[in-house]
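In what comes next, chain A is part of two complexes: it sits with chain B in the first one and with chain C in the second one.
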Partner chain A sequence: MQVLSVIGYLILAPLAGGLLDGIDRIISARMQRRKGPPLLQPFYDIGKLFSKEVIAVNNVQMLLNLSYLVFLAIAGSMLFAGKDILMCLFILSTADMFLIMGASSDSSPYANLGAGREMIQMMAYEPLTLIVAVGFYLSSGSFQVSDIIGQQYSSVLFMPGMLLGFMFTAAIKFRKSPFDLSTSHHAHQEMVKGLTTEMSGPTLAIMNIAEYYEMILILGIFCLFFLNGNWWSWPLAIAACAVIFFLETLWDNASARLKWKTLLDSCWVITLLFGGVNLLILMLLK
Partner chain B sequence: MAKVSKSPWLLHYDASSCNGCDIEVLDCLTPKYDIERFGIINTGDPFQADILLITGGVNSQTEPVVKQLYSQIPEPKVVVAVGICACTGGVFKECYNIKGGIDTVIPVDVYVPGCAARPEAIIDGVVQAVAILDKKREEYRRQKNAK
Partner chain C sequence: MGLIPVLIGVPAVFAVLLSFIRQEKARGVVVYVGAGSVMVLSLAFVASWIQNGSMIEKVYVNTEMVDHLMMVGEAFLMGLIVVLSIKYKRFFAALLSVAQTSLLFYVELTTDLPEAEHMLVDRLALLMCVIVAFVGGFICIYAVGYMKGYHHHHKEFKDRQPFFFSMLFFFLAAMFGLVLSLNLIWMYFFWEITSVISFLLIGYTRTEEAVRNSFTALWMNLLGGLGFAAGIAIMAFTIHSVQMSDLVLWGAPLPVACLCLAGLTKSAQLPFSSWLLGAMVAPTPSSALLHSATMVKAGVYLLIRLAPALNDTIVGLMVSLIGGFTFIAASMMAIAQNDGKKVLAFSTISNLGLIVACAGIGVEETVWGAVLLMIFHSVSKSMLFQSVGATENCLGSRDIEDMHGMLLRLPKLTYIMGIGIAGMYLAPFGMLISKWVALRAFVDSENVLLVIFIAFGSATTMFYWTKWLSKLISQHHARDNVTDVTRRDEYLSMFVHAGCMLLLCLLFPLLSTNLVDPIMLELFGYARPVLSMEVLNTMAIMLVSVGIVPLSMFFVSKAAHKQLVPIYMSGVNEGDDRYFVNSLGEPEHLYLSNWYLRYQFGMRRLMRPSIYFSAAILVVIFCLILGGAV
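Now for the complex of A and B:
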C-alpha cells in the first residue's frame, strides 16, 4: 500500500500539478474576462522547453535544479508513504535551498535578487510550517502521517487557526500574488523573471516539474488537516483542497505584489496570531 | 509531443519606436484580443523566449542590444518586425542616426507593416511566425540528430 502510494505520487503528481496549473490559468483568464489558454497548456509548455536548445550559463545550475526536483520528490514521497511529517518539512526546506543555490550560481543580478527574496520568503513561511507540524503532533500524539490520518477526529477540529495561517503562507509556496516576490507565473515582473531569469529550455522545464511536485505536496498537507479514520473524510479533504486552491487563485488575481518587509511582517503576525494562539490553546487542552 | 507552435513565448523589444506600435503590441494582451488563448506569453526574458518581436528602426544605440537579445534566445527562434519603421526604417529611413529596418542587423522572418500596426495584423504576423517556428524546429532537430 505504501509503495503504491509513493509510486502513484511520483508518477501522478506532475500530471495533477500540470492540470491544476492549467485550470488555474483558465480560471484566472475568466476572472479577467479573457478566454485563456487550453487546459493542457502547461504540458505544451514543458514539451516545448525540452525541445529547445540548452544554454548552460554554468555547469552546476542544471545539477542544482535536478537536486531541487529530486529532494522535492523525496519530501513528497515521505508524506505519501505515511512517514514523519517533520522530516518531510525539513527535506522540503532543503530542496528550496538547492533552488536558491541554483539561482545564485549565475551572474544575472535579477536571478541573484530573486534568490535573496526567496530566502526572505523562506524566513516568512518556515515558522508557521514548523508550528503546524507541532500542532499535528499535539492533536494526534504522533509525527507519523499514518497516525495523523488514522485519528478518530480530523485534526482541523483542534487546529483551525493553523489551517487559516497555513492557507495564508501557502500563497508563498504556490508563488501567488501578493507573495510572488522571487519569481512570478505572470509575465513582466520588476526583475524580469527573478529566480528563473537565467534558466532556459530543459533547465526551466525541470524547475517547473519540481514546482508541480511541490504543489501536490502542499495540497497533501492541506489534506492532512481534514483526514481521519473514516472513509468520508477523503472526499471531504479533496473538496477542501479544491476550495483552498480556488481561494488562492482568487487572491492571486485580486491583489498586487507586496514589498518584502510587508510580506515578512504580515506572515509573522499571522503566524503569531493564528499559529501561536492555536498552539497555546492546544497545549492547554491536550 | 507538444510542438513549439502550441507554446510560443514572446519577447518584445522597442528598438527606437515612437511607442505607437508598442501600445498596439500591449493591446494584444487585453481581454479583447487575448493572445494567451494561443498559449502565447509576453515574457521579458530572452532566455525563455521563442519569438523576438521588435518595433521601430535600428539606430546606433540599439544595434548592440538587438544583436545581444537575438543571441540570447535559444534555438529555434524567429524574429517579427512590427510596424513600418521596423520593416524598412519608415519615415526615419533617411535620418543620420537610423540604420534602417531590423533586417539590417539580424535576419527577420515576418514583416508586419502598418503605422501603427493594428493588433489584428500583429496577431496574424505572430501566427505566421509560429508556422515558421515549427519548420525551424524540425530543421534544428535534424541538425541535432546529425551531430
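Now for the complex of A and C:
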C-alpha cells in the first residue's frame, strides 16, 4: 500500500500538477475575460522546453535543479508513504535550498535578487508549517502521517486557525500573487523572471516539474487537515483542496504583488495570530 | 582512576613548557606532541574506564593538600584580577572577584564538610573529555600555522605567541578538571581558571578594543562565578555538602538558580551575550576554542548536569525561557551581520540557546537532544571558525560579501566551510535531528512559547546560513586571483574536523544508541530510545542521499551536451559577466550584495530590547525565589 502510494505520487504528481496548472490558467483567463490556453498547455510547454538545446550560464545550475527535483520527490514520497511529517517538511526546505543555490550559482543580477527574495519567502512561511506539524501532533498524538489520517475526527476540527493561516501562506508555495516575489507565472515583472531568469530549455522544464511535485505535496498537506478514518473523508478532502485551489487562483487575480517587508510582516503576524493562538488553545485542550 | 591527574597535568606541563619556548620551529613540534599526547591520553582514559567495567566511578576522598593548593590558586587568580583591574582602572571586576573569593574562603574555613568523593567519571564527563581533547587539540595544531600567518599580517601587534599557546593548553587542562569534578568547590576552581584564561586570550592584542572586550568578558563571567560561589555557600550552610549529585537530589530553587546563573553567563546567553561577541577581537584559534569545545560548553555542561533538578521547576522555566529566547533573538541578529566571524558568534549564541532550553526542560528527550546538539555543534563550529580564519588570511577579509564566488577561488576552504554550514542546519545532518527531537519534547512539555520560539528561530537560522552558502557557491570569475596561503597545520586540523563531521552524521544511529542513551541512563536512572531505530536508519539513508543525489546529478548533467552563454544583465553584457553597458554607453561594474535586512534585524534595533527582556526574566524569577513564592 505504502509502495503503491509512493509510486502513484511519483508518477501522477507531475501529471496532476500539470493538469491543475492548466485548469488554473483557464480559470484565470475566464476571470480576466479571456479564453485562455487549452487544458494541456502546460504539457505542451514542458515538451517544447525539453526539445530545446541546452543553453546554460554555468555547469552547476542543471545539477542543482535536478537535486531540487529529486529532494522534492523524496519529501513528497515521505508524505505519501505515511512517514513523519516533520521530517518531510525539513526535507522540503532542503530541496528549496537547492533551488536557491541553483539560482544564485549564476551570479546574475536578476536571478540573485530572485534567490534573495525566495529566501525571504522561505523565512516567511516556514514558522507556520512547523506549527501546523505540531498541530497535527497535538490533535492526533503522532507526527506520523499514517496515524494522522487514521484518527477518529478530522484534524481541522482542532486546528481551524492553522488551516486559515496555512491557506494564507500557501500562496507563497503556489507562487501566487500577492506573494510571487521571487518568480512569477506571469512574464511581466520588475526583475524579468527572477529566480528563473537564467534557466532555459530542459533546466527550466526540470524546475517546472519540481514545482508540480511541490504543488501536489502542499495540497497533500491540506488533505491531512480533513482526512480521518472514515472513507467519506477522502472525497471531502479532495473537494476541500479544490475549493482552496480555486480561492488561491481568485486571490492571485484579485491582488497585486507586495513588497517583501509586507510579505514577511503579514505572514509572521498571521502565523502568530492564527497558528500561535490555535496552538495555545490546542495545548490547553489536550 | 590514576589517569585523572595525568590527564589534567600533562596539558598543564606543556603549557608551562610552551611559555618558555621562543623559537618557532621548536614550538610547533612541542604543540604537536602536546596536542597528540592529550588526545592519546583521553583515549587511554576512556579505554581504561571501559576495561574497569564501564561503571560510574567516584574517586578522591582525602584531598586535603590539593584543597589547600587550590585555595592558594584561587588567591592567586584573585590577586591577578585585582592587579590587572587596577592597572586598567576597571574596578568592577576586582570587586566581583574579591567578593566571590572571600565568600568561598569563608565557606571553606568555617563549615565542616563531611568527607566525600571529589571527582566523578561517567559517560558524560568522558564524552566532554574526548571533545575537549580532540577539538581542542586540533585547534592548537591549527594555531601553529595560523599564528605564523597572523603575525606576518599584523605587524602592529606584539608577538606574544609563547603566552598564547601556553594559555591554550592551560585552558584544556582546566576544562578536563572542570568536567571531571563532582565537588562543586573543585569545579568552581577550574571554572574561575577558564574565566581568567578567556579574559587573557581575548586581550591578547592589547589594543584598546581588546582590553575593553576582555574586561566585559571578565566581569560577566565573574558575575556568574559569584552566583556559583553563592550557590556553594547556600549548600554548605544548609545541607552540609557541596556535591553536585546532592544538589541535584536536593533541588532547592535558590542554589540551583545561582548555579544556573553561572551556566547562563558562561554559555553567553542573553543578557550576557555581549562578551562572546566581543571575543572576536582575539586571534581565530582562541575564538574557535572559546566557541566550540571549551568555555561555552562548560556552561551548558553544568546546565545538563543540573537538568534533572530543573524539570518542572521555576528555575527550569527561567533557564528554558532564556535559552529559547536567546535562540530566536540571536538568530535574528545574525541575519544583519556581514562579518563572517560575527555571524558565527551569533550562531553560537543561538545554538547554545537551544541547548540551554533543552536542559531547562530537563526531561530525558530534551537532554538527549542537548547532548547531541553539543557534540555536533563543537565539531562544526570549530571547523567553521578555522575555515573563516584561514579565508581571512588568504583574502585579507572575513566579510561574507568578499566571499562571493569563493568556490572557484579557494575551493578547498569552501568545501570545508560548506560542510560546516550544511552540518549546522540542513536536513538530515545531526543538528537538525536534534532540533527535531527538541521540538517534539517542547510540545510534550506543553510550552507554547518555546514551540513558537523554535518555529521562528529555525526559519531565521535557515535564512542566514542559506544566504552565506549561496554567496560561496556563485560561479563568478573574479578579476584577481588569490593564492591559498593556508598552511599544512591548518589544513590537517580542518580536514580531520570535516571527516569527523561526516562520520558523526553517518554513524548517528550508533552514536545515539551506544553513547547518548547510556548517558541518559546515568543522568536520569532510566532510558528509553528517544528515536526509534527505524527513524535513525531513515536518517542515515537520507544523509547518504544528500551526498549521492547531487553527485549522481552531477554526472547526469555533465553528460548533457550544453552551450555556455553569458548571463543576462539588462544592459549589454561586456562578455565577462562582470561589466555591462549602462545608459550612457559606458561599462558599469556589476556588484551583487546579499540581503541583510539591517533595519529590521540589526543589532542596533534588537539588542537592547532583548537584553531588557531576558534580564527581566532573570530578575523576576530570582525575586520570586528569594521572596519565597516557590
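Quick note on the criterion: the second predicted complex is superposed on the first by the 286 of 286 C-alpha atoms of A that agree within 3 Å, B and C clash if a C-alpha of one lies under 4 Å from a C-alpha of the other, contacts with A are read in each partner's own complex, and residues count from 1 in each chain.
Following the convention adopted for this analysis, contacts are C-beta pairs under 8 Å (C-beta built on N, C-alpha and C of every residue); 3 or more make two chains touch, one makes a residue touch a chain.
Everything numeric in this text was worked out from a predicted model, so none of it was measured.
Peer 1: So in the superposed three-chain picture, is A:192 touching just chain B, just chain C, both, or none of them (first/second/both/neither)?
Peer 2: Both partners, chain B and chain C.
Peer 1: Just to be sure I read the superposition right, which of the two partners does A:15 touch: chain B = first, chain C = second, or both, or neither?
Peer 2: neither
Peer 1: Does the superposition put A:7 against chain B (first), chain C (second), both, or neither?
Peer 2: neither
Peer 1: Now for A:157: first (chain B), second (chain C), both, or neither, which partner does it touch?
Peer 2: In the superposition, A:157 touches no partner, neither chain B nor chain C.
Peer 1: So, does A:273 touch the first partner chain B, the second partner chain C, both, or neither?
Peer 2: neither
Peer 1: Is A:44 touching the first partner chain B, the second partner chain C, both, or neither of them?
Peer 2: first
Peer 1: After superposing on the shared chain, does chain C or chain B touch more chain A residues?
Peer 2: C
Peer 1: Give one of first, second, both or neither to describe whether A:55 is in contact with chain B, with chain C, with both, or with none.
Peer 2: both
Peer 1: Mind working out whether A:243 is in touch with chain B, chain C, both or neither, as first, second, both or neither?
Peer 2: In the superposition, A:243 contacts neither chain B nor chain C.
Peer 1: For A:130, decide between first (touching chain B), second (touching chain C), both and neither.
Peer 2: second
Peer 1: Intersection of chain A residues contacting chain B with those contacting chain C?
Peer 2: Common interface on chain A, chain B vs chain C: 53-55, 192, 197-198.
Peer 1: Okay, in this complex, where on chain C does chain A touch?
Peer 2: Interface residues on chain C, with respect to chain A: 404-405, 426-428, 432, 436, 439-440, 443, 446, 448, 451-452, 454-456, 458-460, 462-463, 466-467, 469-471, 473-476, 535, 538, 542, 545-546, 549-550, 553-554, 556-558, 560-570, 577, 590, 592, 594-595, 600.
Peer 1: Touching residues of chain A toward chain B in the complex: what are they?
Peer 2: Touch list, chain A to chain B: 25, 29, 32-38, 41, 43-48, 50-55, 187-189, 192-193, 196-201, 204.
Peer 1: Give every residue of chain A touching chain C within the complex, in rising order.
Peer 2: Checking each residue of chain A against chain C gives 53-60, 62-64, 66-67, 70-71, 74, 83-84, 86-87, 90-91, 93-94, 97-98, 100-101, 104-112, 115-116, 119-120, 122-124, 126-128, 130-131, 134, 137-138, 143, 192, 197-198, 202, 261, 264, 268, 271-272, 275-276, 279-280, 283.
Peer 1: Can you check the complex and tell me which residues of chain B touch chain A?
Peer 2: Per the stated touch rule, the residues are 1-4, 6-7, 31, 34, 36-39, 41-45, 47-48, 50, 72, 74-76, 137, 140-141.
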